[in-house]
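Some structures to go through are shown next.
Both complexes below contain chain A, partnered by chain B and then by chain C.
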Partner chain A sequence: MTSMTPLVATRTRRPIDGWRWFGRIFLVLMLLYTAVPMIWMLLTSIKSGFAAMQLPPQWWPNEPTLASYHKLLDPTNSVGQDFLRFFWNSLFVSTATTILAVIVAVPAAYAFSRFDFPGRKFLFFAVLLRNMFPAVIFLVPLFILMRLLGLVNTHGSLIVTYLTFGLPLAIWLLKGFYDNIPYQLEQAARIDGATRFQAFLLIVMPLSAPGIIATAIYSFIGAWNEYIFAYTFLNRNDQLTLPVGIQRFFSENTTDFPGLMAASFMMSLPVVVLFLLLQRYFVRALTEGAVKH
Partner chain B sequence: MTTATRLADASLRIKTEQSGVLQQTWTHRADYLYVLPAIVVMLIVIAYPIYYTVELSFFNTPPSLQLRDKIFVGLNNYSLILQSDVFWRVTANTFIWTLVSTVFAFILGLGAALALNRDFAGRGVLRAILIIPWVISAVAASYIWKWIYHSDFGVIGAVLVGLGLADRPPNFIDSVGTVLPSLIVFNVWREFPFAMIMLTAGLQTVPDQLLRAAKVDGASAWQRFWHVTFPHLQGVSTVTILLLAVSNFNSFIIPWIMTGGGPSNASHIWITHIYELAFGRQRWGVASAYSVLLFLILMTLGYFYVRALTGGERKERGA
Partner chain C sequence: MAHVVLRNLVKTYGPFKAVNNVSLVVNDGEFVALVGPSGCGKTTTLNLVAGLIPITSGDISIGDRVVNDIDPKDRDIAMVFQNYALYPQKTVYKNLAFPLQMRRLPRDEIDRKVREAARVLDMTHLLERKPRELSGGQQQRVALGRALVRDPAVFLMDEPLSNLDAKLRVQMRSEIKRFHQDLKATIIYVTHDQLEAVTMADKMAVMNGGLLQQYNSPAQVFADPVNMFVASFIGSPAISLVPLEASTIDGRTVLTGAEGWTMALSPLNARKVQQSTTNKVVLGARHSTIKLTTHAAPGAVPAKAYTVEPTGDVTFVQALLSGAVVNISVPPNVAVSPDQQIWLEFDQERMHLFDGATEMALKVN
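For the complex of A and B:
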């Protein structure tokens, strides 16, 4: 037996190395696949409009320039004015959605995790099922509804819609966190005289902070990147959020690729930074429900 | 103390099992307060629109969307859809788009998760870079890829010409034959990170001892993957594949911004087609009928989705 082990080890070493090399090559290819488009975006954004349209292309810009960024961030010209307004609109809508989503999702997720009321299962399935339906199915009636409520061309229409469509996942994510907080902690607090609500507020809420952070990031990124509803509900130029605003803007200036790439970069920056800073919570929340069983 | 609470719990459970549904509802009336805000919001913004979509699908509504003037046409909208050639074209596109995107996103995600499962310097940075495409806005990403695929100045075309593989830059998204594959390459770029995240988490549930035991017993790397790792990933794989399939089926932004469904419907999928029928051509009735059909398909998928998500919970409880 003891003489067998080293023999086996030497026999298996070579295939392991083969797989390891395969893995390395695979990762390099994936890195290229992922990074090349993003690098090309950055390189294009620091070219002049003329330099971007050459064949063969300038692989590295001959005269790198930040002109496109200056133009987008300068409030004194019309391009910068529009871009900054879109940016502000996106920020406002995303922040409002995030705050409301947390306020509504926290109690709901807690109830789904802790209580055993009749209809709980049905409701939860409804919540899960909502996740399956694309926005387009709801678009026509929602458009009618928003017209009825006088919300067309307001940020209110977007906030209400994003809130609703973000809720199922927000509740699902948060429920995973509450499931992991031992019920005994609350019971102990209640034996010590706390009401159920006090136990929830003082014991459970602080413990679920990572879950709430994760849910908040998810809501924020979702609202920031949303396109269909904003595209349908908003018409006035001063109301547009970034995705629609950029599209509208560049359908008029189809050849300004450096400007377009700079705008894409600026638009991606907030969510990427947010994600990189808080990815631990985010990833954990997303996978919590899926791997538990 | 724990035994006391457990006893209290058990007696409570027995009590609720004995009483009727109405009484239970009354006993738990305070619990509903927690879910009430969520229910109210969802009823207004989800239940009402579903009802309305079904209703509109049986009517012809004028382009101005004046609901007073709508005319009842029965199932006419549905038969119009099934008779049109575009329907079958779009259905085939949707099928290819969903299937191919899901398969490749899953395989690449699994590969990346496995390759990153070994500890090495720079692993965290690499993982973060691979996730970025999934985080950024699909609109921004669409413009990036539109630029890369540009028929005159696109970088891929320039590389192909530079390597002597093509005389002139190919038309990736302006020709019927290549548009769908080109869009799928882009779509997979955006989606494989999601599969990678899910499967990375799944890999952490594979017990180390089992892998080591298998190694000692002389199992090859492939055998260890197939007989130890893979069975542990089945639950999370099912959920991931379903979520990928649903989100691919529901894609809108990528085809809409990249091509708007063109050229000659070659990249129209159901969702973009419905959008164009409704808001492009104001054919509200036909668009609603399409939505109802879509709804039925998704309900079927949803059945499996809920089963996959809750199957584990039931097992856990049974144990």
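For the complex of A and C:
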């Protein structure tokens, strides 16, 4: 060991040049750019209404208070009732979207990866084609369509729309995953006594769990954060999802910034928690298939 | 254990015939190697027997049952894959138990069989590990164990040794051979390595371009190849094939080289040439059947040494003869240098003669 140490030390030391410092400064700036608004949101949410509007600003509130959170989570007042309903609506829409996305994307991706059927290439291209257009283009046509289907002012309109936009990438992501699972594993399972479906269920599904989790997170976050379609399709107050609800609710009254920030913070919680819990799967799924083994 | 019969087996992909009318019988307890270059249809044939791909036409029987439309799981076969195809999320124990679980065996019987297979293959200490924690040789052993644990009618092996390093390959080669001898198992073994086929198999089926070229014991295939492809595929270093011209001079049948020399043929070989329809004859000779001399001798033909490769116990000489390269092995004490004039004498008993047009071996009726 003693003779090893200097060798390792010289190996790990790399020249510190201008580019490296440039990179570090760039990263610090990026970090500030993304983190400061979040921190400011958190700080504002624990201020009183008066302190939030003060100039020059209080960097750290003189009297930190959780009053805004109490108000939002208290089902006995109208603010709390609305917030909790919006939260529940968002949770319902996002969860339903996620479950349906996984149910559709898993078999679709598997089929694209494993089977050779007529129109396979065209369909796969069509799936990706959707991603070439900005979502706003579809706003008015989809609204007209939803009205024809009688889905305006229902959560169904959002779930269907989110699936339309979420599924292409979900399928594409999962297909890459299945492409990386050797076909021989299924063949071995089938020789070992499994039916084709059992081979998929018992061997392929567990192996693709990281991909499925990544797909689920992706669908959930997309649906959770979506604003413009929810804003267009929903009018009734009791149907609103969080992004629209928060915006409407607080601009109707005199803007209560600590309340707004507390609501925003709580809205970002599920996404952050999901991401922290499952990020290693997500990163693995995104890089899987990048390099041929 | 059971016998396997392929009858006029055909597999096409669009216009491409991957397997073209292959018929062969694998007897009960026999070790048959399907051997040939890449893309010759040997793996496709194995997958057809396994039922992993549907056949285009023909019949496959395992035991006395035609299995054309039977699912792989119901064919009573086990397969060892080239990349082992171990279930990466399962431990070795669970990998071995999987085929038994799928057959709904009782738990204690599964445990007994898995431990027995692990004991036979000397990997009891590996049972709790995941495949990625094993070396290539150990993975190979687990793959073999997963096939063995079920006691199937037929073992199918798809290049099981080709991912191992050279030393381990030789070791596993003898282990699989031993495994066959102990179990009296019916094995169909696909390989592109003719040496594996020759050393392990009771019979070898040489394939090329989807066609079965020859099906016989390795010794027979080696001694009596049916055509130039089989002759050149089997044996290392490769057989030397020299294009020559046949003619009759003074009532004797002789072969003439491009340099103008002539070689008289033995009565049997002369008859083979006389009965052929062409005078373009290709002479095939293995390195050990050619005698090299450094001075002219009766019956020997002149050639020029090209390269000399001493390997220790034998020296390989490559010589140019009639536009072809001829491999000769000589004892290490024979001194030959490149570009030296040498004389080659071919063993008439052990030489092969092929039709230069059809590439088929010349035969006497």
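To be clear about the criterion, the second predicted complex is superposed on the first by the 257 of 293 C-alpha atoms of A that agree within 3 Å, B and C clash if a C-alpha of one lies under 4 Å from a C-alpha of the other, contacts with A are read in each partner's own complex, and residues count from 1 in each chain.
We adopt the following convention: a contact is a pair of C-beta atoms (placed from the backbone, for glycine too) under 8 Å apart; a residue touches a chain by one contact, two chains touch by 3 or more.
All figures in this text were calculated on a predicted structure; none of them were measured in a lab.
J.: Is A:A135 in contact with chain B, with chain C, with both, or with neither (first, second, both, neither)?
T.: first
J.: Of the partners chain B and chain C, which touch A:I191 in the superposed model: first, second, both, neither?
T.: Touch status of A:I191: both partners.
J.: Taking the superposition on A as described, I'd like to know which of chain B and chain C A:M38 touches: first, second, both or neither.
T.: In the superposition, A:M38 contacts chain B only.
J.: Let me test your reading of the model: by the given contact rule, A:V160 touches which partner, first (chain B), second (chain C), both or neither?
T.: first
J.: Check the contacts made with chain A and report whether chain B or chain C touches more of its residues.
T.: B
J.: Based on the superposed arrangement, let me know which partner A:P182 touches: chain B (first), chain C (second), both, or neither?
T.: A:P182: touches chain C, not chain B.
J.: Does chain B (first) or chain C (second) touch A:P57, or do both, or does neither?
T.: Once the two structures are laid over each other on A, A:P57 reaches chain B alone.
J.: Using the touch definition from the top, say if A:I246 reaches chain B (first), chain C (second), both or neither.
T.: first
J.: Could you tell me which stretches of chain A are touched by chain B in one complex and by chain C in the other?
T.: Touching chain B in the first complex and chain C in the second, residues 184, 187-188, 191 of chain A appear in both lists.
J.: List the residues on chain A that touch chain B in their complex, please.
T.: Listed in rising order, the residues of chain A that touch chain B are 5, 8, 11-12, 15-16, 18-20, 23-24, 26-27, 30-31, 33-35, 37-38, 40-41, 44, 52-57, 103-105, 107-108, 110-112, 115-119, 123, 125-145, 147, 160-161, 163-165, 167, 171, 184, 187-188, 191, 196, 221, 224-225, 227-228, 232, 242-243, 246-247, 250, 257, 260-261, 263-265, 267-268, 271-272, 275-276, 279, 283-284, 286-287, 289-293.
J.: State the interface residues of chain A toward chain C in the complex, per the touch definition above.
T.: That would be residues 182, 184-185, 187-195, 198, 203, 206-207 of chain A.
J.: Would you tell me which residues of chain B are touching chain A in their complex?
T.: 1-2, 5, 16, 21, 24-25, 28, 30-35, 37-39, 41-42, 44-46, 48-53, 56, 65, 67, 108, 111-112, 114-116, 118, 126, 128-133, 135-141, 143-145, 147-148, 150, 152-153, 155, 158, 161-162, 169, 189, 192-193, 197-198, 200-202, 204-205, 215-216, 218, 220-222, 235-236, 239-240, 246, 249-250, 252-253, 257, 271, 274-275, 278-279, 284, 287-288, 291, 294-295, 298-299, 301-302, 305-306, 309, 311-313, 315-316
J.: Using the touch definition up top, name the residues of chain C that touch chain A in the complex.
T.: Residue list for chain C touching chain A: 47, 50, 52, 71-73, 75, 77-79, 81-83, 85, 87-89, 98-99, 102-103, 146, 150.
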